[in-house]
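In the two assemblies presented below, chain A is common to both, partnered first by chain B and then by chain C.
Coming up: the complex of A and B.
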């Protein structure tokens, strides 16, 4: 019998990645894996260095001539300023506990998205420039030289980190990878490498108080527009007050919710709740943004943008501040606000005007989260609710990374949801609460050009949503973050079609029975309530 | 059960294991190690989806020797292609995993095929895998089209309401409900 060649000779294809060391793989920029750079006008307005037109796909990034010194000096300055940064650079033993915890790694498989390796991109330079062993042993000690490709690599991978801090949860040393990313982004900003999706909202915020650059009259117009929609649905005219001095409470929420679908329905939910309660509160067209893209730029920018909250509270003379459904807004408030802009000794510890509950957990910042406020109302039987109005929704809950890991807000949103919907199902344990998976759009990565990579990073979240969709028929993903409300709909569309996204207070707005309301036949999106489907068609 | 199905059936589990391993080898070695190790379906959705999809494909291949159809195979192949369509691959690399099934079959069945002259069966099996390749191409394109549609939708939801509010675009919705 003739001898046949072995199969490996018949099909000679090698699909595997060449096993070169990660240090030798140059960064590759392709449409979909990076965000567009900051526009020169915006950089100039913000007073940031090296404004110019450039693209990550160009060979020449037009860095300043002395870019190496700038970065090395900036590195040294930050190591001296932040003890935590120095410890994070030194203490990692590369145990690998974080390696498979990042959503971008889990979905995409790029080793440089392992948090340990992403941090190593920075750490290798630290070793080379700031440690004796690195200076002498070089590569043997895990050190490398600062070359232009290193800067490119930083730009690629530190803008592929959403600062969600899931990896930090698993680190035995508690290394906060988000803070490593923040440092890397600050260093990049020193030589003019940053992204427009972060800088333009920051510039807008600096000027008008919100990311979108909405001016006061336009903001008020939009509120009135939403009030009209509320009247159409409920028959009740709500009268929100704006910029009113002497109100008891200032309410601050992300501006994304006043115009973007589906955030507007959450916004309407707030308006309905406040009308129902008849509390003495005001919105502000200046503190018209909860979000703070300074967090993703630099500590000085974050501090500046955050300052308007207390500033406006002082100007209006309120007693305390209530905050809406936002993610990173609460990280800034909970972790940095007091240090940066406190103490707010002109404010009082939040006390619910309806139940009298004093919220001691908010005694430091004097800012209370809306789900804590609403959960307390429900607990004290202060809300008349008809959960059946939400019977078309089988709901699960996505913990926003920032509220879950950044402030430990886990129970209140769930308590509220369970009281306003008839059917609620949790996703699996390792996909919720502290272990929640990011939507892929945090830290300023919720832009359109980054969609492909965001969907890649959205796989772990989408996979868990698909599971509850398939096992329980879940069709609604509730969340308490404006960026989630923007990024989760496309994520679900790709990984778990048929699942919609809503804010928690949209569900509250649907269920809340207002005094003098008309017979409700539709929800806030003007879709028919259960049992009224036929009337819609007439 | 027809001829090539019986060929496949006798070593289905070995082929599955080999196919999975070859497919993971299309990722960086550091990644492949972790993805082989982690068995939890929520901690490691890629490996879970690949195993589920591959098992489904092989089960259907054993069940019938008919020319594969999208109606039967698309749900299984989608588990894999949908993931690879948004990973860092060229289109060819993304769908190449299906040809690794050929390699897995040859690796696993070669002894039996060459010793017993079962080439016709192997050819038939490989022809069916070629058809799976075409189905993969369709799924890949659908996924990419969806990605682009998602990008367009995002722009629309970002700006349409603002333009309407600003009165910059006309609105054909009736002012009041028609009586």
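Coming up: the complex of A and C.
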């Protein structure tokens, strides 16, 4: 377990810049600021280049002999494939509007975490290799040579970016650091520099269908275990089906939620909702992962992993797909899925079997977000809810970066939450909706060894949570992302102790009144519901 | 350092024109040949850059969504920050290009150790001065059309009239000149004194600022101090436009040659610099695309159909026995 300083120390952040030019400051790897590299057998399994044992703290990174050539060629290829990349390399005026928008900069003060400088790490090489001025004038034109320290610097800082796109919202030209980070990570992968916390889940996902490597029989066991817990709390036995052909709807959600607290309660919430509705749906063990760590590796890996969703929908013969609560999963579904693996003409535009609502927003992908589905149910009065079963939660809501800035799913989850809890408070405007702050663990950085930097990056989010905790007594942070559910609990513990984390459908599961249920005295976490024993007397 | 270098380069350019068109008497070079060359370099450079960008594919639909998506009919969509169709995207782009909407959002972070508290102050100065800079630049550019048209179109005359409506001094002072210089100075001082911006600034940030400042000052010098012979200047500029270039018989003050040379340098520098943000902003995929890729298919021209998932059949082969044992349905019996 990594050691890290207490909040009082960590908060002493120095935003001033050093007198040395950034080009002369070498990258410094120290425990807590980098993630461990990909293991050789994982790289081999995924067919990625240069598998070897190495550490970022080594002097020799054992790069292939012609690493310069590989990177320069890879750079050229990507400039030709992505207009975004080319334009973002060319047009930045260094106005600095993005400088203090990054959570890692706000929480750490390292100038190379200013989005503009993060991009300059690549741009300086671009100028040197691909522009006339850079070739002739060199450093005067902001160019530099591709040296081994540049690769090290890339590895450090492009694995200190969570691709949250907050900077891109403020950029007058829409320069998107997520796009730049993706390119840099692809270049690094070409010479074998990547991190295990991304690649191992990607490898697992390929073989077992999910990041955690849960095999089909184990997945079913875990489901049954959660179903038993539901019975304990509600007295109702839920009957989810798995890998069933001919179902109307295929449901896909991140695997983190079947495995770890507090995601499991969200998972139970889904099962309770579907049982209540009695819809014809199935889970899949083959496509048991909503998330896609290919997004953090390369476009081909992303496509390969994402392709399972349609592959499975076709095999099972479902009409449409319902997707659970997850952040980057929805960036992929909203902005990449149909382009990579469409057209989905073997599916139909999602229609709610309960309300009859046709969801035109998903007319292309045929994939609907669970909060869109549930919001529609509530709006049409199809759910019997008792929000007071969530009375022990004073709730605020964390927008995931990806659903906020890569989709615009802002109101749906709020509408659901407001209908299932009695007390809801928003965090300050600069920390929510399209301006939301990352949890610090996005884009594959939610690993143990990176904790210190992640907690630093979590400062803006944690501080906004602390604000609503102190002003409104908020004790629960709701979110619609499995990475959030893993990252935010330690973050809250650190920056806003006393605030717990839950998924939106956990709250739905608590509030939903099932037919034939027993009187509830506990919530899904099997904590007592205060005041519920003598509810009748009130 | 970058700022000093830039300053001296611009100073050298001024001296070059001063000496070249003055002492050396190369008026034709500075008044005719270099301006023509500059125009050609600009047009060719600008167009080829734009064409180069335009022919590069946009593989994915990646708008940065800045508001509520269009989903359920009873949830209000934010059509300008998260457009779902062309008209919304056109408005988003118009707001971006004409009002610098993204820059308007700017905040500045403030860390208070007591608490601790992270605050976000509104920070609109950059937006304001950037807007002042660009609009006064545009006005000045348009006003210059009076030197390249005969007769001068009514709108240009109107523009001139309103721009000098305060009637200060002789010749009357254009307000846009003052705003322009003030805005450039703000942008420069910000680069020098804002630690973060200073740290990221390179020569290509200072050089255009100094160059444009020098253009503005040389222009104002000609008009308000040297009081150049405008008739003669127009003879030269009209000669350029009509492709019958002449150096007028009546002498033109040397400051004019400095001015037109600096403008020529700007034109030639433009296509190879960050100033291309002028063209790039229109092509930026995070702004100029609607958020509609879940509604309809966005096609990636280099999408590789050979990339297939690890198939279900292979998955079942891997786990069939365990699946059967767990009571999960299988496609093929063991």
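Methods note: the second predicted complex is superposed on the first by the 513 of 538 C-alpha atoms of A that agree within 3 Å, B and C clash if a C-alpha of one lies under 4 Å from a C-alpha of the other, contacts with A are read in each partner's own complex, and residues count from 1 in each chain.
The definition used in the following text is that a residue touches a chain if its C-beta (ideal position, glycine included) is under 8 Å from a C-beta of that chain, and two chains touch if they have at least 3 such contacts.
Keep in mind the model is a prediction, meaning the values are calculated, not measured.
Aligning the shared chain A places chain B and chain C in steric conflict.
Judged by the touch definition given at the top, the superposed model places A:221 against both chain B and chain C. In the superposition on chain A, no contact is made by A:239 with either chain B or chain C.
Legend: residue contacts after superposition of the two complexes on their common chain; A:471 is shown touching neither chain B nor chain C.
Judged by the touch definition given at the top, the superposed model places A:100 against both chain B and chain C. More chain A residues lie in contact with C than with the other chain of the pair chain B and chain C.
After overlaying the two complexes on the shared chain, residue contacts for A:114 are found with chain B and with chain C alike. Of the two partner chains placed by superposition, only chain B is touched by A:259; chain C is not. In the superposition on chain A, A:459 contacts both chain B and chain C. Of the two partner chains, chain B and chain C are each touched by A:430. Of the two partner chains, neither chain B nor chain C is touched by A:381. The clashing stretch of chain C relative to chain B, chosen from 81-89, 117-125 or 153-161, is 117-125 in the chain A superposition.
Looking at chain A, you'll find residues 7, 11, 13, 15-17, 22, 99-100, 106, 111, 114, 221, 428, 430-431, 459-460, 463-464, 467 touch chain B in one structure and chain C in the other.
Chain A makes touch with chain B in their complex at residues 4, 6-8, 10-11, 13, 15-17, 19, 22, 30, 33, 99-100, 105-111, 114, 212, 218, 221-222, 225, 259-261, 264, 428, 430-431, 448, 451-453, 455-456, 459-460, 463-464, 467, 486, 490, 493-495. Considering their complex, residues 7, 11-13, 15-17, 22, 79-84, 86-87, 90-97, 99-101, 106, 111, 114, 116-117, 120, 131-133, 140-142, 165, 168-176, 179, 206-209, 215-217, 220-221, 242-245, 285-286, 299-300, 303-305, 307-308, 311-312, 315, 333-336, 338-340, 342-343, 357, 359-365, 367, 372, 375-376, 379, 404-412, 415, 428, 430-431, 433-435, 459-460, 463-464, 467 of chain A touch chain C. Listing the residues of chain B that touch chain A in their complex gives 22, 25-31, 34-35, 38, 40-46, 48-49, 82-83, 86-88, 93, 96, 99-100, 102-103, 106-107, 110, 114, 143, 146-147, 150-151, 153-155, 157-158, 161-162, 165-166.
Of all the residues in chain C, the ones that touch chain A in their complex are 5, 49, 52-54, 56-62, 64-72, 74-76, 78, 81-82, 96, 100, 102-103, 105-109, 111, 113, 116-118, 120, 126, 130, 194-205, 272-274, 276-277, 280-281, 283-287, 291, 293-300, 302-304, 307-312, 315-316, 318-319, 322-323, 325-329, 331.
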